[in-house]
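Common to both upcoming complexes is chain A, partnered first by chain B, then by chain C.
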Partner chain A sequence: MELIISIFLWALIPLIVGVMLGLDRIVTARMQGRKGPSVLQSIRDLLKLLGKKGSMVNRSQVAFVYLALALQAIAAFILIIGSDILTAFLLSGAGSFMMVVAALSVRSPYSHLGAHRELVQIMATEPVVMLVVLSMGYASGSFISSNLEGALVLTLPLAVIAMVPTLLIRLEKSPFDIATAHSEIVSGPYVELSGRTLGISKLAHWYELVVMFGIFLLFFSMSDPILDVVVKVIVLVTVVFAIALIDNSTARLTRWRMLRFSLTYCLGAVMLNLVILYLINGGVF
Partner chain B sequence: MATRNDELSPWILHFDTGSCNGCDIEIWSLLTPRYDIERFGMINKGNPKHADILLVTGPVTKKCATRLKTLYDMMPDPKLVVACGDCASTGAPFVGCYNVCGGVDSVIPVDVYVPGCACRPEVLIDGVVMALQKWNEKRTMEEVKA
Partner chain C sequence: MADTLTTLLVVLLVVAPLIGGLGSLAIFKLSAIRKIVISTAVVLITSVLGLSYLVLSNGAIDYNASDLSSISIIITLLDLVLIFAFICLAYKQKSILAALFAFLQLSALVFIEIGGVGEHGMVIHIDQLSLMMAFITSVIGSIICVYGLRYMEHYEKHGRFFAAMLLFLAAMNGAVFSNSLLWLFFFWELTTLCSYLLIGHTETEQAKRSAITAAEYTLGGGVALIFGIGLSMFYFDTVFIDQIPLGSSLAGLELLPLALMAVAAFTKSAQLPFQKWLLGAMVAPTPVSALLHSATMVNLGVYLLLRLIPNLHGTGFLITTIGMVGLISFLVTAVLAMTQSNAKRVLAYSTISNLGLIIACIGLDTSLALTAAMLLLLFHAISKALLFMSVGVVKEETGSEDIDAMEGLRAKLPLIAAAILIGISMMVLPPFGMFASKWLLSEAVTSLPILALFLVLGFGATLVYYAKWLGQVFTRGKETEVIEKHHTDRVYAFALIATAVIGFMATAGIGPILDGLINPYVSNVFDPTLSVRSLDLVSSLGVFPIMMVIMLAIIIVALVVRSTKLPPVMDVYACGESSEVRTGTFYYWSEERVAHLSQASNIGMYALLFGLLSVIVVLGVVA
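What follows is the complex of A and B.
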């Protein structure tokens, strides 16, 4: 029964992420004193793109984009059925890398610039999330997400805080909208994609967000199923508001400052949390 | 007004082919809180491969003609072109100049002409909405071709 619910939830992912991104656009518009689009606007954009034929630069780029979607969708599926978090995270990382390869397979210099910046973003986020996943495993003795302890946020609070800049980087939001900087390098890795292929790459990105937000929300698991859903929805909405606020109040950083920020403060926070947990478990405190 | 998904999310590309920037300022004012075209799902995209509607301002100078044609060819079908302002529609005072081709329709096919010097933002929104109504005709023509 749980498996059927998981598969149903997995099939609804585009709808859920679309509404989340739509909410983000409305909140952003209201912060700028505008009315903003409908909450379904991101889904409409996706459907429009999937319905457009578009042009193809070369076949390998299209193949890599489809491969990225497949890897991200499988990663999201593994996470949702309550299986191994580490596998889901590594598969999702491979999917992100496929988008870089897709961007490097065309000749446009903007696409190459975007691909290199995307690689720097991957360098900034992967070690942090890797350490977060490892610390979750250390705290509950298992990487199987359905076996994790409830309310991990109480034992790993610093890891939760360290995940927020990672989410910003993965959402391509300011101050970390470095790879897709629209006013600087048009749209980076997406520059040569059009029509349906662009839609597929967007969908791959949505599944990637599900993996990242899924790992984040695992910190807030509760034993009571109704309380679990309520807490996760509240956390998700709060995070969307916080991200819109950060996005609207900060300017874009350079890629090296992003790397330095992520690999010192975020990685440091998770390590500090692990050390404290180790000392508590050893009976020092 | 519009019901289909593609009519509800038109992505716009703006190109200046030699305008005095009067019409350009009016196009940029569409993004401000006063007009806020994002409420219709319109986004300004700097990339022809992502765009659905091309907004052109100014008379087409001979230097710009090939660039305009390239941008038009890069946009995926079905695509729409809106000539914004008098210069883009007809060439206005620049017709016959040694360095000007004339209106936008002397280089690429135009779907909607928006008059005015400079064209008002309200009329621009009307022009884009009118262009969207032509979308279905274009789509049917494409299906017949296919």
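What follows is the complex of A and C.
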């Protein structure tokens, strides 16, 4: 029964992420004094893209994009059925790897620039999120998400804070909209994708977001199912607001500053949290 | 004593390549050498399969020292001959360091032999670990030798080359079968000699320099090993590995022999600060690099550490320092690999990095980490062989080993592009074994989370350098663009496909490999915690659903691809510019900065190793 609900939820992911992104667009628009699109606009865009024929440069790129979708979708599935979060994270990382290879597999300067920037983003986010996942496993003694301790946010508060910039990077939001910087390198890694393939790559990205946000929300698990859902929705909405606010009030960083920021402050924060926890467990405090 | 068939197989695995090697040395014609190498390869592969069957069904195979005392004497004599060869070689190449190391080895060896070696023990002990190593050497090594038959056509002195290649395989097999440290030392030094001959094979100035550098580093490691053996005689009164007391009972100066053996392992596995020789070894013809990096040489150091696990387990700061050396090597060389443009150099750094990861696993000293170490060792060998052989073919077809020059390989040499894709996938992508080991290792690290920082940064860097390379291989303009297709030679195709098939088989058979080879060895020290349950890898902390990943991936890709008609082909968007576009990769750091980092980390690591040895001595003397 639970499995059926999970599969159902998994199939609904595009809808949920679409609504979340729609909400983000509305909030952004209101901050800029505009009315903004309907909350379903992102989903409509995706459906339209998937129905279009488009064009391609070569077959390798298309194949890598499909592979990226497969990996991200499996990662999201593993997370949703309450299995190993570390496996889910590593699979999702492999999916990001595939998107970079896809972007590199056309001879386009914009695509290559975008891919190299994407690599710097991977270097900035992968270590942080992986350390976050490892610290969750360390704190709970298991990586199975249904065995994780409740309210991990209380034991790992710094890890939660450190994940926010990572979410911004993965959402391609300012100040970290570096790889896709539309005004500079015409959407970077996506420049040679169109129609259905572009839709597939968007879908892969949505599943990737689910993995990232899913890991983030696991910090706020509560034992009471109703409380659990309420807390998670509140956290999600707050995060969407915060992200829209940061997106609107900051200018794009260079990739090196992003890397330095992420690897010093974010990684440092998680590490600090982990060391404190380690010392507490070791009976030093 | 084991039965005749077993003895025959064991003897064949060491003696067949030896005979093959001597045969090729005597014959100059490549056509005759070809027959010799191929038949040796067949003998090796059949023997190792036969031996696997016997060990897996009947358990470990042992031979007592008292039954083989005449062979022990022969090995001692050969050892002396070998050391004299090194002294001559040092004299010829005017290397004071090599001469010094050879003399130190000689005096230590004479000292040990005069002291008298006990005969109450097993000189040969073939268990699951030995079997795994022999499998890697005999199967992957044979494939590389066959590949070399075609590759070396344009080179000279075939007899000498294949003699050294086959001798290398014999030495490796001998080393992993030995339970007597003195036997191990002999085979260890034999690999040093073979690597010297092979690296210097082309006899250019650079090759000669690299060869002597390699000899100096590994001879230095040999000194550490023989001193370790001498001290082991002194403290434990034994030269048999299985009789060295368990790590938890060791204290003070008794740790010194183990620490010295670990230093020897670091030199063979080219860990920081001894990485220089492996990077220099790149000048050798590609089959040599493939052999050094995947099937032989560097594995020997890791093997020694794995073999000593019962003795290292529970030694506290000693095993932790060993792990730190591995972990730092892993991170530093992964970062350095991102800055390299030459594919062979990227691979060389990635070898050091991966072996560092294996040593870090050993240093973690947990059941999961040890399992990960053995899995990594197996998949690393397969994947490295595949990647090096591919680079060799690219070099032959396009004349370059540069990653930038590999643009469009997907169209030019589709088979090679596929081989590189599979090789890299084995390293970083699911469902291949290396990915499973990455998952395992990440779980294992939670027992000592402070180490996680190095690990996550290193994994990030690894993804980056492989993505850059794979991307360049697949970079291509418009699909319809006409590109001259090269034909991949039959021998190359055979070697690559065979290696890839072994990789797939190892991935699909990860369950039997765990149950048959890895868990039995792990259970010597720990309770094995990793098992295969209903097609999932299950550890104490989590699950990795290998089969589910494979199935879902196939279903999703099939669904999407089946319903997709390929869209029309267009050229890339260039903002209206019409000039020809050339792409290149990005190397992050200047050569100067790379040199600076290498130097700084080498100094740090020398300090670490020196600190380790002096701490043991000081603590021992104080106690």
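Following the convention adopted for this analysis, the second predicted complex is superposed on the first by the 285 of 285 C-alpha atoms of A that agree within 3 Å, B and C clash if a C-alpha of one lies under 4 Å from a C-alpha of the other, contacts with A are read in each partner's own complex, and residues count from 1 in each chain.
The working rule: a contact is a pair of C-beta atoms (placed from the backbone, for glycine too) under 8 Å apart; a residue touches a chain by one contact, two chains touch by 3 or more.
These numbers come from a predicted model, not from an experiment.
Superposition of the two structures on chain A leaves chain B and chain C fitting side by side, clash-free.
Once the two complexes are overlaid on the shared chain, A:Glu172 sits clear of chain B and of chain C alike. Contacts of A:Gly51 after superposition on the shared chain: chain B is touched, whereas chain C is not. In the superposition on chain A, A:Asp24 contacts neither chain B nor chain C. Of the two partner chains, chain B is the only one that A:Gly36 touches; chain C does not reach it.
In the superposition on chain A, A:Asp247 contacts neither chain B nor chain C. An angle of 120 degrees, to the nearest 10, separates chain B from chain C at the C-alpha centre of chain A in the overlay.
Of the two partner chains placed around the shared chain by superposition, chain B is the only one that A:Leu193 touches, whereas chain C remains out of contact. More residues of chain A are touched by C (comparison of chain B with chain C).
Of the two partner chains, neither chain B nor chain C is touched by A:Glu208. In the superposition on chain A, A:Pro109 contacts chain C only, with no contact to chain B. Minimum Cα separation between chain B and chain C in the superposed model: 6 Å. In the superposition on the C-alpha atoms of chain A, the part of chain A touched by chain B in one complex and by chain C in the other spans residues 53-55, 186, 191-192, 194-195. Contact residues on chain B toward chain A in their complex (touch as defined above): 5-6, 8-9, 11, 33, 36, 38-41, 45-47, 49-50, 52, 74, 76-78.
On the chain A side of its complex with chain B, the touching residues are 25, 29, 32-38, 41, 44-45, 47-48, 51-55, 182-183, 186-187, 190-195, 198. On the side of chain C, the complex with chain A involves touching residues 407-408, 410, 428-430, 435, 438-439, 442-443, 445-446, 449-450, 452-453, 456-457, 459-461, 463-464, 466-468, 470-472, 474-479, 541-545, 548-549, 552-553, 556-557, 560-561, 564, 566-575, 581, 583, 585-586.
Interface of chain A with chain C (complex): residues 53-60, 62, 64, 66-67, 69-71, 73-74, 77-78, 83-87, 90-91, 93-94, 97-98, 100-101, 103-112, 115-116, 119, 122-123, 126-128, 130-131, 133-135, 137-138, 141-144, 186, 191-192, 194-197, 200, 263, 267, 271, 274-275, 277-278.
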